[in-house]
Each structure stands twice: as C-alpha cells, then as structure tokens.
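Please go over the structures that come below.
What follows is a pair of complexes built around chain A, which joins chain B in one and chain C in the other.
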Partner chain A sequence: MENKERRFLIDRIFDKIFQLGNVSKEDQETVNHTLNKELLEKPFRVAVIGQAGVGKSTTLNAVFGLENYTSNLAEGTKEVVEKIYPIRDGFNLSIYDMPGLNNDIAKDIEYEKLYRQILPWCDVIVYVVNAHSRDFGEDCRILKEIVLPICNENKVRENLILAVNKIDTIGESINPYDPELKWDAFKNEPTEKLKIAIKKKLSDIIDKLIDENLIGANESLEKHQVVFYSAVFNYNLRDFILAITKAGKRGWIWPATVGLERVGQWSDAKLSKD
Partner chain B sequence: MNYEEQKQYDNLSECDKSYYKKIKLDHPNWNHRQIMVKVAFNHKEDDIIERAGNDIDPEDSEILNEIFQGVKNFLKRVGVIMQNVFNALDKLIDLVKKGKAIYNALSEIWDWLTD
Partner chain C sequence: MKPIDTYNVCFLGRTGNGKTSLINALWGTVFKTDPLVACTKEMYSVTVMDDVPNGKEGLTAYDVPGIGEFSSDSKYERFYQHVASVADCIVLVTTFDRTDAPAQRLLMRLKPFIDKGKDVKFIIALNHIDSTIITDIKKEYEPWDSETNEPTEKCTQNIAERISIIHERFDKIFLPFEVVPVCAMRHYGIDKLKTLITIDNHDGK
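Coming up: the complex of A and B.
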C-alpha cells in the first residue's frame, strides 16, 4: 500500500502529513485503506434537478468536467436512470438527471415519488434555476413544498445546492438590443452596466428567497448553498465547488479527488488571461 | 433586538450597519436573522461581480479547509483516530484558515513538528 501510485490530491496531501507527522507504517495502512474504501467503493452521487432549458447539461459539463453530457429526459419521465461515469483510477461519478416539476399536479405527484426515492442517497443535490426565469416563483414553491421537506426529513439538507445559472444573460432579459448589457466574452466578465443589472437581479432573488423562508429561517438553506454562476462562461464556479465541498458528509470527496483539476481544465477565463 | 442580536449588530462594520438599517426600512416584516442574511449576501453579490471571473485556485484556502474538515470528520466517524494524523490535520486547518498556501502550510507543519 505504501508504494502505491499517488493518484489524487488527497493522497498527495496525506503522504506529506504521514511524513511530517511521523505516522507509523501500520497507521498509514489503516488510514489509506479507510480512505480508499470511501473513495473507490461508492461512486460520488449527484442528483441534478431542473426544468428543460435551465442549463443542467452545461452545468454538469462545467462543474463536473463531463465533456459531452447531454440531458435527454423524455417528456413525462417516470424513471430516472443512474448514469455512472468512470472518472479515474476506480473513482466513479454517478449522475441522476431528474425532471423539474411544472405546476402539473399529476406530474408533481409522480416526480415527488422519484425525488423521495433518489435524493436521500445522493451526496450532492443540485437544483438548477435560470437567473432570469419568469418561473422563479414556481421553483421557490417546489423547493419549499417538496424538495426542502424531503431533504429535511432525510437529514440531507446540507447536500442541497440551489444553483442559479445564466447570470451572463440577465442583461439580455432587460434589453436584448443593448450591447452594454451583453457579457464581455473576451474578458469573460460582465460589462460595467451589466454588473449593475446583475447585482440588482441577485438582490431581488435573495429577497424572494428570504420572503419564501428558503434562506434565513429554520431548516432553510445556508448562504453557501445558494450559488450564482454561468456554466457557459465558467463564471463563479469557485463558489459552486465550495458548496459541493461543504455538502453533507461526502462533499469533500469531489475536490479531494479530481474536482479542482477538472474545473481548471474547462476554464475559459484562464484561456483569455494568457 | 435581544441581547444576542444586539451583539451581532454591534459587530457589523459601520457600512453594514447602515445597510442593515436600510433593509429594515425596506422590509419592516423581516426579523433580525433575515436582515443579517441579506447583509451577508450583499457581500457575496459584490464578490460575484468583482472577483468571480478569476480561475479557481487549487490552493483556495476555504476549499482546502473544507476538504481537511471533511477528511477529519470522516476518519472520526469510521473510528480511525490517530493522534499524530489529527494533530497534523488540525495544524494544517489552522494554517490554511490563516490563508497560507498549502505548500507553505505543510512546511510550517514540519517546523512545528520538529520544534
């Protein structure tokens, strides 16, 4: 075991800790064995929930480094298939791509059943919404009445991330013809005018989440569990990775294995700086 | 405001106190906790706008800190408790919290262990 190739960030860090902490070979074996079991015997399970068009696929590609993931949920899906992606050296990522609810009582009941079956077993539950969606009120209702109660009942509230995607397109929802409100794709950042629009929109979203008791109330989400980002531009994925790292008991596994390097690979921001 | 809430309010910067007052006026039905959340998010909104375009730093101290905490809790949960490992992890967590990069932090642990 002590001669095994060091594969992940966490292996390299522990090598150093063992060396510096003067840890006996026997104890090193025990820690390595325990960590290996945790990393390799169970996949890292992610459930992603969202309406069509909110950017579930781009989110999975950007945050989890799945190059060509496409969400192909059929209308009226009643089953959710676990898709397992062998990431590296025996470490697997498992994705449950789940339909969003859509104010349809019959479907809501079916989907709620699916959520109840699957969410309690996931290490991270990502609920994706569009930053400028007109359905945001409906998303709040689903979170408040269905998703959050399921998470609370099953003691997995810490695993939930409210992922507010497409902050780059907030300006277009205000005035699609105003170039000052378009994302600066070369610098990979908002223009000054767009910054103001984004700040106002984020502030409105926070107000709504507070009003709906989704944050700032008992059994609600913590600040780090609400993430604003753009999957297309890899913008603010750092907050996303932090939220994953803080998620429940196993969130740390993703960045400790391949999470940080995978996000780095996909960074457009890095390219534009060179 | 009760005593605890007053203490939290007193610990805010002058700028945040003004913002707190503004929010209280704008949302008279919100309680102290809700207003404090709004104040905290105000900083987050600024961070997103001003700094979010930067690449993820593989030595991001907050992320590393969470990784170490996660590992530590995991080892405790499965009953693998080795004092040397925990001491080293605690020291690392402490240094990383202070914003020291991981390689500097590891070298400081070395100094600490060999003192």
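Coming up: the complex of A and C.
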C-alpha cells in the first residue's frame, strides 16, 4: 500500500506519462481535472436486456461486480429505474434493468418506447441470451427489429454487446446424463468432450447470427461484439471485459477503473480453486 | 373413390411447449420428442377413424414445428398457413412461461388464412402444469399429487392465475377459446382435451 489514497488506474497511467513527457504542472492539472470530471461526474451507464431466465442478474454480479444484484422489475411495471452503485473512488456505475420483450404484444409497444428513451444514453448495452435457448430466433428478431435499429438510429451500435451466457450448460442440453458433458467445477473449465460440444454450439450460433444478418451485414454487429461466457462459473469473462473496452466512446473507462483489477481477481480465484 | 372426409386439428405453439407430446398422448402416436432440442422440423399428420366428430369419417391431427426457432421470417411460415387454412380446430399449446407475444403475433398473422366457411374451434392447452419454473423457491413448491395424479392446491392456484393472464392476452386477438390445463407426461387432462376437440360445436354446451 504505497499510495495513501486509492486512485483510478487511469490516473496512475497518466502520472507515468506526465513524468516521462515533461508535462507542465498546469497541463497536468487540466488533464487530471477533465479526467476526474469524466470519471466521477458521469456514471458509467449500462443497460441490460434479456428474456426471463437468461441470467441478467448473475451477469451483473460476475461482470460488473454487483454483489447480490436481483432484478426487482415486476412484470407489468412500466418505469425503469436507474440504479446507481458507487463502485470505488467515487466512481459510479448506473444500471438500467430493461424489461424483457415478448411477453405481450401490448406491453412490447410500451417497452420499445422505453428502449428508445434509454438505450441511446448508455455506454454499454448488454443483450443477454441463453446459449442453448430453444427459441434463439426470437432473440434474433428482437435484435433485428428493435434493438439494432434503435442503436443504428442513435449511432450507438458500437455500444451493443450480445452476451451469450450459460455456455457451461451446453452439455446438459445435449445429454443431461452424460457426466463427461458436465462442467468440471473442480478445475472450473469444460471437460474435453464438453469443450468440443461448446465449440460446435458456438460456431452454430455464429452461423445463425450470420444467417439472420446480425453479423457481417450492413449496419450489423462485429464479431467482437458477441461474447460467450458463463456468469455462474466466471468463465471467459476476459472476452466480455475486452468487448466492454471496445464498446463505443466510453467503454475504456470501465476496465481502466475497475475492470482489469477484477479480471486479475478472477484468474487468482481460478488458480486457488485447484 | 371419395377421399376421407376428415376433421382437421392443428397444433401450434412455441418450440418446447409439447405439441408433439400432446398429440402422442391424445392419439397414441409415437412421433419423436426431445425435452431439450427442437426436434419437430417437418410437418407431420396422423389420421384416425375412432372418436371422430359427428358427420366426419376421420380426424387428422397436424403437428408443425414450434415457433421461436427462427426469427419472424420463419421458413416454417408456409406450414402454419397451410394448417390454419385446413383447420376445423386449432389448439394453441402454451405453458407457465409467460412469453406469449410470439404466439399472439402468429395468431394475428394466421387469422386471414382461417376458412371462413367453417366454424373453426379454438382451444388453448396449458401444458407442463407440473413444471416448477413458476417459482424461484423450487424446494418448497410441490406441484403434483402423485397419489391422485392431480395438481396440488398451490398448483391449481397457479393454473387459475395463468389462465386469467391467457385471457387478458388472447381474448381479442383471434377466436373465442377455452383453456384446458393438461400434462401430457402424466396423462392429465388428456381425455377432457380430446372431448373438447371432437365435440360438435353446436351439440355441445
């Protein structure tokens, strides 16, 4: 603990640059001031979208470090509350827990308006899907007809992350009785057989996204915007953090403040389990 | 030769809601089912000669792939249009899962294809009523009484609640309907559903 006050990683990096670059005190102040203003005054805004049961809460817990986050949006509630969480050093994270579409056509119309109001102002828009959902087509439709158009109209397509969760349960969806297709909880990694099954499934999902013109088409997603992970097993969250880094104009803020450290913690956690 | 004059029953619903299992339970067929993967990828039909409505020689049940596997420009759309246009009776299979919008949209799309010359019957089958997805506290929820092969009191409440939501969401969308709670796996409600399918619209009630 050499630093008396804990500071943003990004501040420390800038200090190093200032030292090397012989920057005047005044310029340093200006940069630090602007940076802190950006980090402290504007919370990092995240919108989470997904149908019931896809693991929105566990994703928020695992990726954004919100412990015991539970969705409190009762079905039928129209308002979406911006929930602000102080993360550290005065840095805030704000979460918009969006109601999932597809329950009722009348509600979908209301919710779409809500999406239109909120999504354009978010730094990261996370659309969570279940890796072995039987009706992935419906998610594709929602992305294609509602979420992507809103993102494109407001020029925030780069903020969108298609988060494919629950890759640990792909094996169970093939054969629930095959122990070799179960997640190796001890090593916290897929077994060899499961690895092959996961790879196959992931390439099927990518193919499907290409077929549905969600990847590789005009005004569609880039491959790096699609991440595969398991929130309950903290597996492959690095890709998720990388995707956040690349998201829009402010994605870098997240890993530069808390993200990278968390990724470090995860890898430790994984090793100590062995 | 005169073709068999059949009463056509078609089953629609989200993938995984158990259309095929219901058909198997109703007419003793053995169409392939899978609890986890969408496995009906073609249109199947079975024609029986027993328990057919008055004035008909046979009953044909149509099983089509579930909705949701592909986005709205589904490659299965022609199957749906076909069965809707030949149907005397349409059975929408649903569950406690409240994701109803895809089925609402499907019915709205199919409405123009319904044969106006027939008094088409519409039934909503609430399947998988023994499911525990209805609650987060799985351990405390006991949905089924195995001795009587009936839903427990708590499950009966959940069924009533779900039925009222179904009415809210489907009443003005398609045709008037009745909801029948069933459990294909436990062979519960199957006879009632069969009666409702085959009973003559004008004789009954």
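What we mean here is this: the second predicted complex is superposed on the first by the 255 of 274 C-alpha atoms of A that agree within 3 Å, B and C clash if a C-alpha of one lies under 4 Å from a C-alpha of the other, contacts with A are read in each partner's own complex, and residues count from 1 in each chain.
Here is the rule we use: a residue touches a chain if its C-beta (ideal position, glycine included) is under 8 Å from a C-beta of that chain, and two chains touch if they have at least 3 such contacts.
The model shown is predicted, which means the values in this text are computed figures rather than measured ones.
Asks: Would you check which partner chain A:Pro255 touches, where first means chain B only, second means chain C only, and both and neither mean what they say?
Replies: After superposition on chain A, A:Pro255 lies in contact with chain B alone.
Asks: Applying the touch criterion given at the start, work out whether A:Arg134 contacts chain B, chain C, both or neither, answering first, second, both or neither.
Replies: Only chain C is touched by A:Arg134; chain B is not.
Asks: Check whether A:Lys144 is in contact with chain B, with chain C, with both or with neither, and answer first, second, both or neither.
Replies: Only chain C; A:Lys144 stays clear of chain B.
Asks: So, does A:Asp108 touch the first partner chain B, the second partner chain C, both, or neither?
Replies: After superposing on A, A:Asp108 lies in contact with chain C but is clear of chain B.
Asks: Please work out whether A:Glu212 is in contact with chain B alone, chain C alone, both, or neither, and reply first, second, both or neither.
Replies: Only chain C is touched by A:Glu212; chain B is not.
Asks: What is the contact status of A:Ser173 with respect to chain B (first) and chain C (second): first, second, both, or neither?
Replies: Only chain C; A:Ser173 stays clear of chain B.
Asks: Going by the contact rule set out at the top, does A:Thr34 touch chain B (first), chain C (second), both, or neither?
Replies: first
Asks: Identify which of chain B and chain C touches the larger number of residues of chain A.
Replies: Of the two chains, more chain A residues are contacted by B.
Asks: In the complex, go through chain A and note every residue touching chain C.
Replies: Listed in rising order, the residues of chain A that touch chain C are 51-53, 75, 101-105, 107-108, 132, 134-138, 140-141, 144-145, 172-174, 176, 212.
Asks: Of all residues in chain C, which touch chain A in the complex?
Replies: Where chain C meets chain A, its residues are 14-16, 36-38, 66-72, 74, 98-102, 104-105, 133, 168-169.
Asks: Of all residues in chain B, which touch chain A in the complex?
Replies: My answer: residues 27, 30, 33-34, 36-38, 40-42, 44-46, 48-49, 52-58, 60, 62-63, 66-67, 69-71, 73-75, 77-78, 80, 82, 84-85, 87-89, 92, 102, 106, 109-110, 113.
Asks: Given the complex with chain B, which residues does chain A contribute to the contact?
Replies: For this pair, the touching residues of chain A are 9-10, 13, 16-18, 20-23, 27, 30-31, 34-35, 38, 167, 187-190, 195, 198-199, 202-203, 206-207, 210, 215-217, 223, 226, 228-229, 235-239, 241-242, 245-246, 249-253, 255-256, 260-261, 263-264, 267, 269-270, 273.
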